[in-house]
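Consider the two complexes below, in which chain A is the common component and chain B and chain C are the respective partners.
What follows is the complex of A and B.
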């Protein structure tokens, strides 16, 4: 294939208005976030065997109770939910379901994301404000 | 009489003095209706004869005049300026640019060499192996109906230009070629499915499609290439796993 310079003046050209483009980009970004989280998660969990009686681990867990880190947890929930639900949409499309109505399917999936996120947000903010768990 | 401004993206990569892209404004007066293609003719006749663009049929069936008009992929001959978003304003400006992400030849003309090479690669013609029947090859109305969507493709290249998978992998076949593969895949008369399979059943073929749906968004004929590509993915898996080769 020819190696000619490409016309790049309009990168993404107008398609930023299209649902599919955003769905795909956010899917990639949330996937990257999850990969990095997985590494961090393994690191944190492995601290349990670092010191006597898991002191490092317990101290870390204490630090995670800080409101800012609870908010970061909440951000992680968004990434997981988005990746999971958009993944469902992509699997459905691979099965040939809803290819023509992919935008509707996308917004239904996003509605599920919002609903489930609301539950998590309720739990997190109750904890941040009152310092106690919901149950 | 109505007046409209065309903001055309001009670039001549071979011009030694000014090889950079630049926008030029042209005032166009017209009566009644005006398509973008007619506007370009007007510019060529009245202002600048060196403006380069492709056209042929002027009836949106040849796919030569696909351009990036007013922030969307459109066929210049099919686009009435009155239907554009900018038409409502008191001093309307229509932006006309070549299709993005393709190599540029000049002004509004893109290099479609790769596009057609990939199109040819999937063997877009009917292949028969059994002896020809005495009369015509019959097809049931039900079988014919399967071809309704894919045969409307006019090879304008809008889907190919809009696909992020094509931007990232220059050997990816692209939506148009894969839609054509689908067209022969569902044709009851075709007998070369086995030969074509290895051409699109790989990482440069159907599996490079991430269902981003830009092709559907871009297609001026309102086709759904993704539907065809997804169908091909399932057909490939059926065959590779269960050996249903015909």
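What follows is the complex of A and C.
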């Protein structure tokens, strides 16, 4: 609960001072990126059907091993993790869990984003530098 | 701003519920997908290695759930965003819903066709 007096004028602008409004905007942006990516992903995977023994598909997968595309993949991981963990927060709020400490819940979720991202970043940079996986 | 425009279930209770059910499915299946495809399998993705993975029924189930739940979640999410801007009237929202269902079912069929060489 905010101790500041309730704003009666220009309510929309006041909302942008709240964490929740930025969480909502980033949720939307990451969601739209993922919708676009899902379409592209289905199209790319379907190239397995475009030529004999998946030749087109294999050529594409080879191209995706380029460092720039590995980094783009890593950027996509950020969108996925943010959307997933903010989504967890939304569901927790829907269930009435942690409503009273919703900002703390948000920052715990963001900490999970950072930790899981670090794992993916380690794997991606290991691959870019050594050309090998970590497993 | 009207109160109804900020509630998350404006698109209908069933859509709201399925958005959450598919969200949970996506978190579980996407975690499996990302670990096996992009951590364990990084740099080793090809027509053949995917075939090896999809020889297991469990991985086929994961991919089909990702396709179906992902398509629903993505298009319903897009629907919620679009309904905030242009498809605000009941009539426009209905038209949008119908179009997105057609697009979604087409994507589902196309996606299963794409996976067919590995799962059949």
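The rule we apply is simple: the second predicted complex is superposed on the first by the 119 of 135 C-alpha atoms of A that agree within 3 Å, B and C clash if a C-alpha of one lies under 4 Å from a C-alpha of the other, contacts with A are read in each partner's own complex, and residues count from 1 in each chain.
Throughout what follows, a residue touches a chain if its C-beta (ideal position, glycine included) is under 8 Å from a C-beta of that chain, and two chains touch if they have at least 3 such contacts.
Keep in mind it's a predicted model, so treat the numbers as computed, not measured.
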item	value
Which of chain B and chain C A:18 touches, first, second, both or neither	first
Touching partner for A:52 - first (chain B), second (chain C), both, neither	neither
First, second, both or neither for A:84, with chain B first and chain C second	second
First, second, both or neither for A:100, with chain B first and chain C second	first
Contacts of A:31 with chain B and chain C, given as first, second, both or neither	second
In the superposition, chain B vs chain C on chain A residues touched	C
On chain A, the residue positions that both chain B and chain C contact, one per complex	11, 90, 94
Chain A - residues contacting chain C, complex	11-12, 28, 31-32, 34-35, 38-39, 42, 45-46, 48-49, 53-54, 57-58, 61, 64-65, 73, 77, 80, 84, 87-88, 90-91, 94, 119-120, 123-124, 127, 131-135
Parts of chain A lying in touch with chain B, wherever the complex brings them together	1-2, 4-11, 13-15, 18-21, 23-24, 90, 93-96, 99-100, 102
Contact set on chain C toward chain A in their complex	1, 8, 20, 23-24, 26-27, 30, 34, 38-47, 50, 67, 70-71, 74-75, 77-78, 81, 107, 110-111, 113-118
Of chain B, residues touching chain A in the complex	9, 13, 21, 68, 71-73, 97-104, 110-111, 113-114, 117, 161-162, 164, 167, 170-171, 210-214, 216-218, 224, 226-227, 230-231, 233-234
